[in-house]
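Read from first to last, the chains carry the letters A, B, C and D; within each, the first residue is number 1.
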Amino acid sequence: MALPANIGPAPFNIVRLSHVVLTVTDLQASRAFYVDVLGLQVTEETGTRISLRAMEERGHHCIVLEQGDIAVAHELGFKVHGEDDLDRAKAYFDQRGLPTEWAEVPHQARTLRTRDPQGIPLEFYARMDRLPPIHQKYALYRGVKPLRIDHFNCFSPDVGEAVEFYSSIGFRLTEYTATEDTDEFWAAWMHRKGGVHDIAFTNGAGPRLHHVAFWVPTPLNIIDLLDLMSTTGYVANIERGPGRHGISNAFFLYIRDPDGHRIEIYCSDYQTIDPDHEPIRWDLKDPQRQTLWGAPAPRSWFEEGSVFAGVTPRLPRLKATPIIAP
Amino acid sequence: MALPANIGPAPFNIVRLSHVVLTVTDLQASRAFYVDVLGLQVTEETGTRISLRAMEERGHHCIVLEQGDIAVAHELGFKVHGEDDLDRAKAYFDQRGLPTEWAEVPHQARTLRTRDPQGIPLEFYARMDRLPPIHQKYALYRGVKPLRIDHFNCFSPDVGEAVEFYSSIGFRLTEYTATEDTDEFWAAWMHRKGGVHDIAFTNGAGPRLHHVAFWVPTPLNIIDLLDLMSTTGYVANIERGPGRHGISNAFFLYIRDPDGHRIEIYCSDYQTIDPDHEPIRWDLKDPQRQTLWGAPAPRSWFEEGSVFAGVTPRLPRLKATPIIAP
Amino acid sequence: MALPANIGPAPFNIVRLSHVVLTVTDLQASRAFYVDVLGLQVTEETGTRISLRAMEERGHHCIVLEQGDIAVAHELGFKVHGEDDLDRAKAYFDQRGLPTEWAEVPHQARTLRTRDPQGIPLEFYARMDRLPPIHQKYALYRGVKPLRIDHFNCFSPDVGEAVEFYSSIGFRLTEYTATEDTDEFWAAWMHRKGGVHDIAFTNGAGPRLHHVAFWVPTPLNIIDLLDLMSTTGYVANIERGPGRHGISNAFFLYIRDPDGHRIEIYCSDYQTIDPDHEPIRWDLKDPQRQTLWGAPAPRSWFEEGSVFAGVTPRLPRLKATPIIAP
Amino acid sequence: MALPANIGPAPFNIVRLSHVVLTVTDLQASRAFYVDVLGLQVTEETGTRISLRAMEERGHHCIVLEQGDIAVAHELGFKVHGEDDLDRAKAYFDQRGLPTEWAEVPHQARTLRTRDPQGIPLEFYARMDRLPPIHQKYALYRGVKPLRIDHFNCFSPDVGEAVEFYSSIGFRLTEYTATEDTDEFWAAWMHRKGGVHDIAFTNGAGPRLHHVAFWVPTPLNIIDLLDLMSTTGYVANIERGPGRHGISNAFFLYIRDPDGHRIEIYCSDYQTIDPDHEPIRWDLKDPQRQTLWGAPAPRSWFEEGSVFAGVTPRLPRLKATPIIAP
């Protein structure tokens, strides 16, 4: 298994992950979860659509909730450096034979939509409406005090293929697991913005969205959220944690929104900005890669995820062995 | 089921829990655990015995480790107000038909030993050697930064009987669970020093010592301990947590020493000093009584404990039902 | 200078400090400060009077705000163990030649009022209306998340005399400063409930109330309060801190309410419950007694305090020297 | 006053600030400060030179201490993306008429040295020796648990000129102050790596190094450092803080090493990676720009700094007015 070069020039310049639209089946129930419990700020609200940002973000939205009949995830959104990067992106995806189209998206300038080779819907833009800073309006902080969207994590039917593709558009590998016998990627964490990841992939029936993660100031904010959720009717929405991941070294908590979309609350990973930053390989037999402190994840965490709108997941190429079950 | 009065005069004045002697089978392995990992301070050390105190304590010892062939717990130690309280205590235990004897214990003045009606060995003293304060010697703080011993927790074959006895010597009930059908005590938390407990009892094969708890400054110290243990060969010694108990509202972690003696790291319970402080009753069917955040405890936590030297545990009077298993 | 015995029997049994009534000149402005900023909970409210409790308290009030023309403090309230302690207290104060009277106080049973020898108005009660616990209603936590009232601090014109009096009614000395030349008390911290203090006295024009303190979970809550106050129009109400006191080892912040009544936010002192707990003497020339980290307090902190209703302060017996100015 | 474009292409690609060499007059005293107190890790040590890294860094050094007769600072080190960036950098500086030379620096590949227009010595490299990760070796964490070098801050005799120069090599402005009457830069924060700054400039006699900053996990680590320093003989080395800056929103502490070199301990600024990230302008009359909570900085903080070896500071072009003194 060859690791990606991690240093070469990319065909276009992706700055960071940006946002995702989630269809939810009860908009007011979701509003209560994302706004009153998590503490995201409403930037626009209609009867069928709510746009949200975290405390430190100046872009118009990082999560958009849309009322619908079934809970699905839509395009994973990324910000590129300039308008010309969009043109270079289109040329690149066209050349790879991937579908492209220009979309009109509220509060975003020209937006390019495509799909990755496994079918994950992606969108890219250079400019989104900017809002005044609120990070020092401390009276607005609530819930877990979310500061910014941190990353996406997806089930992938072929992680090796995902690593190849995202490397080709400039993502850098920071940590990974690989099968010992066949030396193939089992899971991979890849970044653009200088942390452990903007997007990660784990072997599983996919493509599906495993979770969207938000960065918070300290582990105590995560403890505050647990106390709040467990005494306001959300104890069943707590899925896993708190704990520290071996991979990424992050302090984490996984929760489920009213439709089951999974949100990770996350802090304390590390800086990976050096172009010669060496990826860390973890042994699939090492349980500490998942939880440094040893506690196992529940089955749901391994099996459940949000389907992307119109994308049928397929079984993964690699099968789980008892050691790495499920 | 009648609750104890909680206010009446006690036959003698117990100030607080104080210390326990634990027999360990590899003194140096235990030293590494209690001193290098937990951060307790050695106050006296010989080839077969190590005395320890926490950072805020001025008494000579809160834990004494003794080399031996089998891992057992010895007398639970309590400090009484004055020497005359020891005489009143002896008179009270004699009148209850419990065995009493005066013991010579290093660094303690006159020490009274007895057993509670279920066989738990107890000792009482009024004066222990006092040491200079070290709570502002910050260069000595290590590990989890333990500030003081907080409480004992025991399996009891008859919690109702334990509540009656400890109430009779002045302990006050703060929280408890009771069976719904027969309205009998299932577990009880009782205090002298103004927190949720100096000692607690849970229905189970006993008497056995379930754990000894130490108070630490904040949940972040517990996270630091988890990180330290999980990267220095102690990951298997992490048994349960971190989490927040419903009962006591404490943020907790349970770990096992090299012999399996269980230590709880604990912070953030509440003040219970009012004589009219009302006990809180929890429903045995409410899983949040154990972990507010919903995560279950492992089987070992319900089943395993330290035997007291020379005391044969017996089966509990109340049997667990599936709801409250085990 | 003789230290008080700290162990003898008291004429009556004081459990802890309990509450104080403050007259404020703009009740709604004070409500915003104590409720919206600090996070105390309203337990009763009329057009002229607001009763407050902290998150962990079950008694009806720890602070009562009363509308009035000038900002003053009223009786310092203490809870005693039982009704008979009130009778013993009356007998004791009568015998000392101090004024006593029974007062009707809303939500309190029989209440005894008196004055200490320097004129501080005091009140004692055994029973106050009890309210349901809210310490696990995490949705109610706001502001600094105040858990409980912790202590009073007063300017005293004669600290030695104050120590003698409060020792005589059972308060125990934990830390103090004394003049080096004449070996007289300069400041003293005294407790009933097992922390560093329920009440403290500092040499100065008095008697006046220097501050009322509230206990909070961790230093991070104090940082949260600073962020909140400094971005909601209360930056001028921040007087001193954050810092750590040498004396008491507490992490502290001093703020002023809209009338200038001083509130301390406080965490992390230590347990002092042992009857043989040794007081710590600090050198008046040691600036770390005030701030362990070295930063000086502002002049206002040394000079300003709340007058007790109807009590004219007098100059202190001991004059400040340049070393311990002001 | 025109703000820099912040988006245009740079002549070469700087990744981040990297390191600095400090001459110290007592190497063992400095070792005690940086290693035992701060908690930096020694990566190489001789009788006259000690190399240090922080816990999350894989490059060989972020601070190098060199024994010498007078305490001075040397080149501010920056990492560039690739070897060809060094050639482009040389061409750029040559064209600007700035001195350039290739230097041999231990553990660094080809290193380019130059000076900025005001005389600050700079060095650039693409490759430094890489060391194995230690961020999960929790037994090594000590002191303030420094994670990584965060930024340099310099006194500048002409901040407007500094902004022009660093903008021209790709630094982006995040926050700044400007004079109201003449609308000229007074202070500026500029970044490459996506936080508030890699380097900042404040109007003052210069060029001099005001401080080097390290990133730590949470404010509690800064409190731990304060407790440690104030009880191990370093209380006089605490200069300012803890507090929160208005500018950058960071929680900060400023300390002085045994020679007076200033170190900032820093956490919780925000992500600035968007190319259209809008700089924040602060009013020079607003004291909250310096300390959000209102406490003023001591005079030493405004006046003292480390001289760069061989560089004579000159008076600043703009004079302080009483409002912004000193």
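Heads up, the rule we're going with is that a contact is a pair of C-beta atoms (placed from the backbone, for glycine too) under 8 Å apart; a residue touches a chain by one contact, two chains touch by 3 or more.
Here the structure is a predicted model, which means the values were calculated and not measured.
Looking at B-C and A-B, the interface holding more C-beta pairs in contact is that of B-C.
The two sequence copies chain A and chain D touch through a face in which the numbers common to both exceed half of the numbers used overall. Distance between chain centres (mean CA atoms), chain B to chain D: 50 Å.
Between the CA-based centres of chain B and chain C the separation comes to 32 Å, rounded to the whole angstrom. Chain A and chain B have centres, each the mean of its CA atoms, that are 44 Å apart.
Residues of chain A in contact with two or more other chains: 136, 218-220, 227, 230-231, 292. Per the touch definition, chain C reaches chain D in the complex via residues 218-220, 223, 226-227, 229-231, 235-236, 238, 242, 244, 251, 288, 292-295.
Those residues of chain C lying in contact with chain A across their complex are 136-139, 218, 220, 224, 227-228, 230-232.
Against chain C, the residues of chain B that register as touching in their complex are 7, 15-16, 56, 58-59, 79, 81-82, 127, 130, 133, 135-136, 147-148, 193-194, 217-220, 246, 249, 268, 270-271, 273-278, 280, 292.
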